[in-house]
Structures are given as C-alpha cells and as structure tokens.
Amino acid sequence: MRNDHIQKLGFALLFLCVIITVFFLGSIIYFIVVRGAPAISWEFLTEVPRRAMTQGGVAPAIVGTFYLTIGAVLFALPLGLACAIYLTEYSPKGAVVNIIRMSINNLAGVPSIVFGLFGLTVFVKFFGFGVSILSGSLTLAMLILPSIISASQEALIAVPHSLREASLAIGATHWQTIKRIVVPTALPGILTGVILGIGRAAGETAPILFTAATFYMRGYPDSVFSEVMALPYHIYALMTEGTKPDQQTVIAYGCSLLLVVLVLLISAIAIYIRQSRRKIYGH
Amino acid sequence: MRKIKESIYKWLFTITAFASLAFLVGIVIVLFKEGIPILKYIDFFPFIFGESWYPTYEPPDYGILPLIAASFWVTIGAMVICVPLGIGTALYLHELAGEKQRAVLKPTVELLAAIPSIVFGFFGMIIVAPFIQRLLNIPTGLCAFTASLVLGIMAIPAVSSIAEDALSFVPRSFKEASFALGANRWQTLTKVVIPAAGSGISTSIILGMSRIVGETMTVLMVSGGAAVIPKSFFSPVRPMTSTIAAEMGEAVMGSAHYNALFAIGLLLFLITLVINLIAEIISRKYRLKLGLNR
Amino acid sequence: MDIDIRPVRDGIKEASDGNAGRNESTARPNDRANQFRSAKNGAVSNGVNLARMHSQNVNFYYGKSRALSNVNMNIHENKVTAIIGPSGCGKSTFIRLLNRMNDLIANSRLDGKIFLDGKDINAPGVDVVDIRRRVGMVFQKPNPFPKTILENISYGLEINGRKDSGFIRHKVIESLEKAALWNEVKNRLNDNALGLSGGQQQRLCIARCLAVEPEVILFDEPCASLDPISTKKIEELILELKKEYTIVIVTHNMQQAARVSDYTAFMYLGQLVEFGQTEKVFTVPKQKQTEEYLSGKFG
C-alpha cells in the first residue's frame, strides 16, 4: 500500500474511535436526560419521599448530598492546602518530599471502597461518630484530600520563582510572600482542584455506603450525627431495595439526571477556570 | 517578634501537613489491623486460592479466588475496550482535530470523566444489561461482559485525558524534524510522536487500569454478583470491590467474615499500590527522557 | 538588640508611628553616613573599611563546586559599581550575596563575610528581611507581580505595615516618578502590570524597589531581556538614581559598564581579577586577563 493510503486508513481508524466514544458517552447522557426529565418537577425537588419511596420528592437526598459535600470540603481544603504549602514552600527539598509526593499519588489511586472501610473502622466505630453526616464527610474528605493536595501543589509550583524572589527582595518575610503573592497567584489552580474535588465528593457512593447513607428518611437530618440520604446512594438503593421496581426506576432516572447535571455543572466551572487561566499564561 | 511569627507559621504548616499524612497512613494501619486476623481462621494460601466463597454458611468458606478471578476478567475486558478507544480519541484530539473541534471535544472529554460511577452502574443495569441479554439470548445480562463494557466506557475519558497530556508534552521540534525528512503525518505520528510519548501513554493505560480494578458501584450493580469462578465471559461474577460493598453491611464487627472483607480490602489496596508505583516509575523515566523537570 | 541599624530617613521616620519600636536605634546613622562620605574612595581609614558595603574573603559553594573564591570588593556610597565578566564567572552569584538572596539556594555555603555599613550581614541575629529592605534588587527578567500597577508598588509598603492610603498614594507617585514611569502609567494605575511592555515592566520593578526606600540597589543584568531603547532608558535612570542610592550592576555588556559605572570589577572563574575606577580599568587595565576580555579575545 502506498504511504498516503496507509495514512488515510489510520486517520479513519482514529476517527472511528472518536465516533464510538462519543456514541457511547452520548447515549448515556441521552438516556439519562430523556428518561429523567419527566420525573423532575417542583415537587420532586422540594418534597420528602412518600409511600415507601414510590412517590413524593427526593429533597432530603439533595440536602444530604449538599451537607456531605460541604463537610468534606471544609475538612479537606484547609488540610490539603496547608499540606501543599508545606510541601512546596517549607519542606526541605529532596528525598522526604519525593516520598511524601509518591505516597500522595498512590493514595489518590486507592479504591474508594477502601476509604469506606477506613471510615467505618475509624470514624464510625473508633471515634464513635456512628453512621452520620460527620463520618461520611470525614471519609469523603480523605478521599478527595490527595487530589486537593496535588492540584494545589501543582498550582503553587507553577508560580514563577522570580515572583517569590521579587517579594523577598523588597523585604517581605517568607510568610508574607506566601500569603500575598504565592497563594493569590496560584488561586485559580487551587480553585480548580477544589471544585473538581467537590464534584467527586458529590458523586461518590462507595465511601458513604457504611459511613453515612440511609435509604429512607421522613424528614431532614437535624445534626451532624444524623444519618442522611444522598443522591448517589439513593439511586443504588432504589435499584436494589424496595418492592415497587417500576415506580422506583422512574425516581432513579430523576435522581441520576439531577446528579449528572450537578456534577457536570461543577466540573464545567472548574474546567472553565482552568481554560481561562491557560489563556492568561499562554500555555 | 517577626521571627517568632514566622517560625510559628512554619510549625503550623509542618504539623498540619504531617497530620494529614498521618491520616492517610492510617488507612494502611487499619487495613492491616482488621484484615490480618483472618489468618486465625484460614491459612494464607487457602484464603487466596480457595475456590469457594461462602462466608455465611455453616461451616463458612473463605476462599477468594472467585472474587480475584472476577476482578481479573472484568478488568481485562474493560481494558480491551477503553485502551484503544481512549488512546485513539487522544490521538485524534491531538493530531487531527482542528482548533474548533478540539476546543469543544477536549473539555467535553474532561467533563465526561467526572460523571459519577453510580450513573454508569445505573445505566448499565437498566439499559445495557437487558439489551445484551436480548442480543445474545443469555439468561441474564448482568454478567462479566456487561460489567467490562460499562467499566470500559467509563474509563475512556480518564485514559484519553492522561494520554492527551502525554502527547502534548512531546516537543514540537520532534515533529518538525520528522516532517523535514519528508515523512507524512501518519508516519510522524506512529514513528515519532507515539514512541516519544510512549511511557506517558503507558502511564495513562496503567492509571486507567487502577481505576477499573478499584471501581465499586458499577460492578456492584452490573456484574451479577455470583461468587463462583466464571465459566465464561457471559456468566455473572462478583469482583472484590463489590463483595466488600455488598457484604460489609451484614458482617458482624470482629467476626471472621468482617476480617475477611478487610483482608480483601487490603489485597485491593496492595494491587492498586503496585499498579500506581509502576505508573509512577514509568512516568518518572519519561520525564527524564524528555528532559522535563517536574 | 542593636541589629536594626537601618538609617532613619525622614520619610520613614514620620511615617513609622504605627510601627513603634522598629526604628528606635539611638545611633543616628546619618552621622555615620557622613563619615563614609568623607572617607570616599579611600574607603579604609584607621584600619576600618568605610565603604558602604564590602566583602571579605568571600568563598561560595554550590554543593561541592566552588563558585567564588576569595573575593574582596568594596562598594562605594553613591557610586555605580559594575561587575563584568564572561558567563559563569560568578558575578550574579556575588551580587545575590549582597542581599542574601542566595539563602534560598539549597545546598549552598558561604565562607567569608559581607559587610553593610561595617556590620556583618550574615552574623547570627541579623534579620535577613531587614537586610533585604535596605539592599533592594532588580532582576534579570522583569518580574512584576500579576497584580495592578498600583498594587505592585504599594505591596512593599503594606508588608511594612503601612496602611495610611494617603501616604501610600504619595509614595507610589514618587516612586513611579523616580523610575521615569509616571507619565506613561498615570492614567492606568489599576491596570494589570503584565500588560506593560518589557521595558516598562522593568522600570516598574525599579519603582517597586524604590518604594521601600533601600539604601543600596542591586541590578542583576537589568537589561538582559530588553530592547536597545528600553536599555537606554534604564541606563539613564541608573545615572539619575546614583545621586541618592548606592548602586551595583551586573552586566555582560562592557559598553554598558563603561557608560554607567564609576567603578568596575572584572571577574573570571569565580575570582575578582581586577577592581578599580572604570576609566582606569577600561583604558589601562592592570591584568592581562582583563585586557584580553575587554578586547574581545574571550568571553
């Protein structure tokens, strides 16, 4: 075969890959949207469930997901940012940092169900928080901690060294330089990491399986020690428990649509911030 | 005064950093502490290679080979789907897509990586499984094949994002040098760009694999849940992750079953650890090769 | 502790009420400054080195490799001292020692002493932050903060605890005027500094440095990334600034050294080969190496 024929064939194959990918992923979105949309109504968004989950809304699950996610970020952000600042700005360079960085990378790859096991043992049992918003938030926080650390670290490292020097040369202290120059400059990158973390925390199911989630609540959680409903767990529970699969499936479609819209919206914001930052720095 | 303030900040950060790391190290400790006691009930080899998993029978059986085999098959199947599609998409995005196409496709792919796995599980259970069942005329659509298919699709965006990053690190000059020698775009792509980004692409494959091995909700919902060594790709299976998720609720704390589930967690952890370490080593070499100092 | 020996300039004095205790040194450094001035070029009187800054037997190591060996140099008050030499000769390393910027480099080691107004700047107990306030620096590549023009200059004042906006405003204008940038930016003080041209950015960095009222200003190849016109502006500025400040400039451009400096130091392979008044160094160099470098035989 002549070279340009091979080229045409190769390019056609690549194009095929894209088509298949887009088809698969597109069809998921399509089904979720088309079948989920009819389930969504004002009542669905604002009411508590009725008649053993076959009617009413999913408001407690929405609220629960919100609490769990906010809780996770409240724990993970300060810890993660402080850890990243320590690693890039304070820690002695060399072997120590490398080991820490490697363990963070590896922990980012630990299966989410393993975090669930940890949360069960430590937060639910050992600290006695029980199956609760607090235990779930802490478990989710651990899950997103590595990604917040590495995103923040990357953003901090990307701050040009010359800016640090400039600040120090005017007589700023190390801390003033970090607080007023380094962190503000790295903020969009840090923000991207945090928002992606929020998206991840909102969608995760396995870590809250034994630490926070419950299938059915009549009302809203009243303290951080309450069990909660959560959108992702609710989808699972609707599909595997209960007695009226047909009616439950409709609700599960609605929940899936809500969750997808929520997570895609959050991630879109993060990606948008990243893109606009790329433009500024001309990468 | 100023110096004291400075060193207070330094200590504050040092303590927080090590606290959060201790937090993470805790995972390893917990897994060992709760998982190792299973060896009181069953020896190591019968545990790993035992062919039956009946934790609630009397007497119980704690052989996890069926679970390992299930994870293995599902992962292999998913890799067969996500690797060519993910990398093909990355190559297309990097090499062929025009500015406009790229501006739309790249963020879209990144966005799709964020769809929660529960949604894929739900989709697999309600759409894909019945479809496969009818198409192949098998007793149930909830089987290793469906799990592979859904997991494979799920991992495409992640694989393709990382591979695309690796491709974009290949210096432009490599390509220009190849064009200058009269190579066409396809030759340049296969003979210059792909080899140069080779280890970055392998990293994307390995990290995709790590994600598939550890994925829980999707397999829990679509793999069928039978804890027997799969006879074919179309029989129901129960991978390690879904075993933990499905049975932890019932296991009595401190019982042999409970310890067995933690031991499975430990095994999972070790598997992903090895996979991630390999990825780490490859990507480090890769950076050296391209002279990237990061 | 009488470490804080920074001279009390009138501007700072008035302004430092909110900062009680910082400038309470009883010695009036102006007296000492006058002493220095009278000592002028002779620099050494009664065995005491009276140059504004001087280095004594300075050796500097990056890990095991030695970047500077035995450098002794005087930097005179209100003069421009140029350091020239081929790349890798240690000139940048040396200038960065003068305000302790090399503290930031891991695995490096300094042997020997560097004095500012007769005090060892590396002595235990000396606050590095204080040294850097007194000895400002302008870098090779313009490095404005990704903030507004105004914020770039007010930053140095704010970190010193100055909150009085009237004073800050006044100081910003004064610094920009001194840096010959005011007319170009007066209508866009709230624009991002990254929108300025390279030459303007560099003058902004100079203004930023001037705002904190340093006594010595170090220029580390300030024109390395600038076009000839911007370079000329910076050079004119340096000549203007030397009336008030003591200036050290590292440059790889011999003509630039000849144009702006009063003293020239020629460094080669980490050693100070020759030091003297610029005219003399350029017209009748004492060392053969200097002559060869100046005539373009190497470097």
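Note that the chains are named A, B and C in the order they appear, and that numbering of residues resets to 1 at the start of each chain.
FYI, a residue touches a chain if its C-beta (ideal position, glycine included) is under 8 Å from a C-beta of that chain, and two chains touch if they have at least 3 such contacts.
Being a predicted model, the structure only gives us computed values, none of them experimental.
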{"item": "Central chain (by mean CA position)", "value": "A"}
{"item": "Farthest chain (mean CA position) relative to chain A", "value": "C"}
{"item": "Separation of mean Cα positions, chain C and chain A [Å, integer]", "value": "49"}
{"item": "Chain centre separation (chain A, chain B; CA means) in Å", "value": "16"}
{"item": "Whole-Å gap between the CA centroids of chain B and chain C", "value": "55"}
{"item": "Set of chain B residues in contact with two or more other chains", "value": "2"}
{"item": "Where chain A touches two or more other chains, by residue", "value": "173"}
{"item": "Two or more partner chains touched - positions in chain C", "value": "129"}
{"item": "Footprint of chain A on chain B - complex, ascending", "value": "2, 5-6, 9-10, 12-14, 16-17, 19-21, 23-27, 30-31, 34, 84-89, 91-93, 95-96, 105, 107, 109-112, 114-123, 125-127, 153, 156-157, 160, 184-187, 189-190, 207, 210-211, 213-217, 220-221, 241, 244-245, 248-249, 253, 261-262, 265, 268-269, 272-273, 275-277, 280, 294"}
{"item": "Chain C residues touching chain A - in the complex, by the definition given at the top", "value": "99, 101, 104, 106, 129-130, 132-134, 136-137, 139, 141, 143-147, 155-156, 158-160, 205, 208-209, 211-212"}
{"item": "Chain B-facing residues of chain A, complex", "value": "3-4, 6-7, 10-11, 13-18, 20-21, 24-25, 28, 31-32, 78-80, 82-83, 85-87, 89-91, 100, 102-107, 109-118, 120-122, 125, 142, 145-146, 149, 157, 173-175, 196, 199-200, 202-206, 209-210, 232-233, 235-236, 239-240, 249, 252, 256, 259-260, 263-264, 266-268, 271, 275"}
{"item": "Touch list for chain A against partner chain C, complex", "value": "92-94, 160, 162-173, 176, 180-181, 184-185"}
{"item": "Touching residues (chain side chain B, partner chain C) in the complex", "value": "2-3"}
